[in-house]
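Got some structures for you, see below.
Below, chain A partners chain B and then partners chain C, in two separate complexes.
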Partner chain A sequence: MDLGLIIYALNLSAIYALMAIGISILWSSVGIINMAHGATFAVSGYAAWLITGVMKPVIAEMLGNGGLATFAMAGTLVGSALVAGALCGVVIYLLAFLPIHDKPNFQVRALIVTLGLNIAAVQGLLWTFGPRNQGLPKIFGFGRWEVWGTKIRYDQAGTIIGAAIIMTLTLAWLRYSRRGLEVRAMMQNAEGAAYSGISRQVTALPVLMLTGALAGMAAALLSQTIFVSPTAGVIPLVKGLTIALLGGLGSVPGAMIGALLVGFLEAIVGAIPFLGQRYVMFATFLFIIAVLIIRPRGIGGLLDDTRE
Partner chain B sequence: MSEKRFHKVGRRPYELRLTPDGSAERARGRLPGTKRHWLQWRDVHNPKTLRRERVLVDKKPLWWVIGLSFLVIITPFLPNSLISVVSIFCVYASINVLWTLIIGTAGIFSLATLAVVGASGYIAAAANVYLGVPWPFMLLIGPLAGLVFGAVLAAPSTRLDGLYYALLTMGVAEICRVFVMQLRPLTASGGAITNVDSFIPEDWFLQRPGLLLGFAGAFLLLLGALLVWRLVNSERLGMLLRVAKTSREDEAFAEAIGIDFRRARLLVFVISSAALGVVGAFYAMYFRSISPQIFSLDQLLLLFAMMVIGGLGRAEGAVIGAAVVTIIDKGLITLGPPRIILVALIMIGVTIFAREGLTGARDQFRDFRKRKAGERRAGRTDKGGEAMPEEATDVHDKQELYYRRFNKRLRDRLKELITPELIEEHKRDPLGHHSDALSRVLNYFRRGEMADKYVIHRMIPAEEKFRIMAVSGQRGMPPRVVDDREYTDIKDAYHAVFLLRVNDLLES
Partner chain C sequence: MPELLEIGKLSAGYGPLRVLHEIDMTVRAGERLGLVGLNGHGKTTLIRALTHMSGWQQGSIKLDGKEIGGARSLGAGRRTPGLVRMGIGVAPQGDAIFPGLSVRKHLECGAFSKLAWRERKGRIDRIFDIFPPLRPLEHALVGKLSGGERRMVSIGRMLMTEARLYLIDEPSLGLAPKISHRVMEALWDLPVEGAMIIAEQNVALLTGRADRMIGMHAGRLRGDVGHVALS
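On to the complex of A and B.
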């Protein structure tokens, strides 16, 4: 296996992990399977596209065309995507959590509401912007590094590093902050958390904003490799859901390992000559289904078992 | 003498009641070959008129007949475009009814329904186009394929939990789509199989007679799906599954009484999959082609939206939801993308506000009205209602409630009469001629219920030694001693009883 393949696999894994961790955290703490995650992805991509489009002349006028301008551009893009994702999280909180969180069948109903939100958002984007792909400014620039005889594209490296930073920040927040402690308590045992005075309503909002921002980050990073389109969220959503499932819904390390596994699997299947890119999805799903049939609780369940 | 007129008041909703001839013998038709009656008539006794009345307990069959015959009567008069809309509605409704069987009756949250339909449709169409099997056999190949596919899909459902399984089956649909798209012989047509033979003759295709024939087929398909639903859901399998329906405890209970609910669930899943195979074959024949579009997530979500809007787990919900969504999706096609947004918004609204979709709205409204009425009644209790609202609805004899209200008002009046002077008057002379106020109070005390009524007990015969006891009010149960005080004068005992009763009155 050469280095290029590893970099490609890591690139895929980074994006998948961002999506899957968001879905996993949300499920285990709040109890929503967020089908609107793909819509969040697409909406933040479009928001980043709109805002960078507006800001580009402004930044060019203020800072010229140097490295500082690129840096400002990158900040604008990532920042707008993050903010848009978090705002989507607020919308989901207001529609899919607040009105129904204390009613019977909350999980199925939340699933349905987020599904509806997903459909509405994708169709809304399609209606407003049309089905055309939109290219976002390349914040990492064009070009490649030469490392041990392999060429690494800037956007790949940037995606891997950016995703790693964001994930580290998220995990650190979960690990060390007061709010993160509450979220972890809810992930472990929602009822117990409620008994210790952790409000579900209050904690759900930051969780939804965080997972939305994660999806926004994924959109900003993926937009460096591919274009933004209204239906761009579908594949990341399906992949994120299945990887979260593979990791055992609710287990953050499980989701990360799952994302790495699937990323490498896709890269390898894509590289095998007689299978090729066409069978990537096929192989992924077969792999995940096989794992789930053998280990119904996914990798997270496996981790729990070894810990015990 | 004219019959007394009664006005419609109270909680009983107005309903049509037949008044059968009491002397005539009861004759009820039965469904041929079964022991079931056509309609569920019940004879009831009207406590007001004291007459026998006949009520239709379950009015759903009537609504089904009205709705379906409306569809049959109206369709031949519709323009061509609307006829195909109605036919598509029938196909979607039958898929939804069968899906309801899987989600509602079997309780397996499967999202692979369209995958089953598509896979069996593809296999049937391929058999027709590439092997030259005539079209009537497609209706056999389809269910066989559905049966096999359903059995494969059902296998992991016992191992995986609800939502895990849902996501897994979504993956299966995706696999099917990718697989079909990658098939080499189909790449030229974008993964579609075209020129499928059909029950609609080739030169009638998309003509008016062809459309009408297509509608007839789709309608029969819907009837068949409803029949399958009825046979599975309301007969033995459905009854077994209803025991294990709602919770884990129910599952344990079902297991304990010897119901193999897992097997029953799998059976329902496989049966509906086979039926979905028929729908798949019909789908391929109706459109004369089948494309990977059927596996797409959008199509799946649209169908799911139908079920959610109508009410998950009910056949009528599946059909009504299909009607609503098909009208918006196909009828308002000029609207463009906003119509899908409209569907999504309806779906969100229904999920947030309705407990069980549109078909559950009536029950939900009734519950709401009942609750509000209870709240209003509770608000009235301080005016002298005396019965808590829940109790008031349960007490059959409303006279009892009015008596309690009267009693409360009476007590309120009497409480005002009790003054130190009145007590002093009684102490002076427990027996004898009293003032108006005191005689009213004593009259009330004398009229009290037997239970807990105070009595004076002469402890030793012919000796002036008394104590106060309270009667149990139940036959065979001895009176209980109220306190250990003893009185040597009967007048003191009389007055002690009086004070106890006054105390009770003031506390009530």
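On to the complex of A and C.
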């Protein structure tokens, strides 16, 4: 395996991990399988496109065309995607959590409501912006490094590093902050959390905003490699959901390892001459199904040796 | 002594099943009340109804004169965190621990009030004084601890914030006799002001220590037996 393949695999893994961690945290703490995660992804991408479009002349006027302007552009793009993702989280909280969170079968209801939100949001984007792909400014620039004879594109390196930074921040927040402790308590035992005075209604909002922002980050990073379109969220949603399942729904390390495994699997299958890109999805699902048959609790079950 | 808890015509159950039948009882401040009865006769449901965790419920529950009961057919657990913050500490049946968190993190979860959070270091130390076996396990994951240690963690979590009313559900459940005695001794010696309701099947563990004992049979209270001494 050459270095280029590894970089490509890590690039895929980074995007998948951002999506899968969000879905996994949200499911285990709040109990929503968020089908609107894909819509959050697409909406964040469009928000970043709109805002960078508005800000581009402003930044060009103020900072000229140098490195500082590129930096400001990058900040605008990532920041607007993060904020848009978090706002999508607020919308999901208001529509798919608050009205139904104490009704019977909340989880099924939430699944249906978020699926509806997803369809509505994608149609809304189609209605407003049309089906055309939109290119976002390339914040990492065009170009490539030569490392040991392999070429690494800037956008690939930027995606991997950006995703790693955001995931480290998320994990640190979960581990060291008080709100993070509450979220972890809720993920592990909802009843125990209630008896510790941790309210689901209150904690669900920051969790939804955080997972939305993770999807926004994924959108901002993926926009550097491919274009933004109304249906851009579908594949990341499906991959994120299946990888969260592979990781054991609720295990953050499981989701990260799952994302790495699937990223490498896809890169390798795509590179094998007689299989190629058209067998990538096929191989991924076959792998996930096989793992779940052998280990129903997914990768998280292998990592976890505690008992309820 | 003033009445801390007044329950009037409390019924509760799960779906079509009615477990509690119009229960009336009062608990005075500072009282240690033993609730005895066989499995399946409603002790746990009574404790769950007091914190709005039962499937449905109706009837009045007054904590310090404030009505916290009412009729409810949905939303189990929705009001629980609020009630816990009002001063009901709960050590539930089966402990409801967080398997992937350490003992210290558990106790920090229990320190939800502002004051308790600020003083959490000293309070965790106090819990370790009450339950000395927990001290060396401070950073161990609770999911790997034994049943007795889990019970201590669960009770310790309840004790991190001062409550007016402590509800302890079957503190001896699933423990070896020697360990359950030790847990019960620690419970009786707790330096807390609040009233305590201890649901327990094993009458011998309550004998002589509880201020009052109430029997439960088929979802109704049977006799306020006061101080009993069984030998």
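In this section, the second predicted complex is superposed on the first by the 304 of 308 C-alpha atoms of A that agree within 3 Å, B and C clash if a C-alpha of one lies under 4 Å from a C-alpha of the other, contacts with A are read in each partner's own complex, and residues count from 1 in each chain.
By our rule, a residue touches a chain if its C-beta (ideal position, glycine included) is under 8 Å from a C-beta of that chain, and two chains touch if they have at least 3 such contacts.
Model, not experiment: these values are computed from the prediction.
S.K.: Is A:D102 touching the first partner chain B, the second partner chain C, both, or neither of them?
M.R.: second
S.K.: After lining up the shared chain so the two structures overlap, which partner does A:S196 touch, if you call chain B first and chain C second: first, second, both or neither?
M.R.: second
S.K.: Pick one for A:I112: touches chain B only (first), chain C only (second), both, or neither.
M.R.: After superposing on A, A:I112 lies in contact with chain B but is clear of chain C.
S.K.: Which partner reaches more residues of chain A, chain B or chain C?
M.R.: Here the partner covering more residues of chain A is B.
S.K.: Which partner does A:V43 reach: the first (chain B), the second (chain C), both, or neither?
M.R.: neither
S.K.: Just checking: does A:A17 make contact with chain B only, chain C only, both, or neither of them? Give me first, second, both or neither.
M.R.: neither
S.K.: Would you check which partner chain A:Q188 touches, where first means chain B only, second means chain C only, and both and neither mean what they say?
M.R.: second
S.K.: Going by the contact rule set out at the top, does A:V78 touch chain B (first), chain C (second), both, or neither?
M.R.: In the superposed model, A:V78 contacts neither chain B nor chain C.
S.K.: Touching chain B in one complex and chain C in the other: list those residues of chain A.
M.R.: 103-104
S.K.: Write out the stretch or stretches of chain B touching chain A in their complex.
M.R.: Spelled out, the residues of chain B in touch with chain A are 109, 155-156, 159-161, 163-164, 166-168, 170-172, 174-175, 178-179, 182, 297-298, 301, 304-305, 308, 312, 336-338, 340-341, 343-345, 347-348, 351-352, 355.
S.K.: So in the complex, which bits of chain A are touching chain B?
M.R.: 33, 95, 99-100, 103-104, 107-109, 111-113, 115-120, 123-124, 126-127, 234, 238, 241-242, 245, 249, 278-279, 281-282, 285-286, 288-289, 292-293, 296
S.K.: Would you mind writing out the residues of chain C in touch with chain A in their complex?
M.R.: 51, 53, 74-75, 77-78, 80-82, 84-85, 90, 92, 95-101, 105, 108-110, 112-113, 117, 141-144, 157-158, 161
S.K.: Contact residues on chain A for chain C in the complex?
M.R.: 101-104, 178, 181-182, 184-185, 188-201, 304-308
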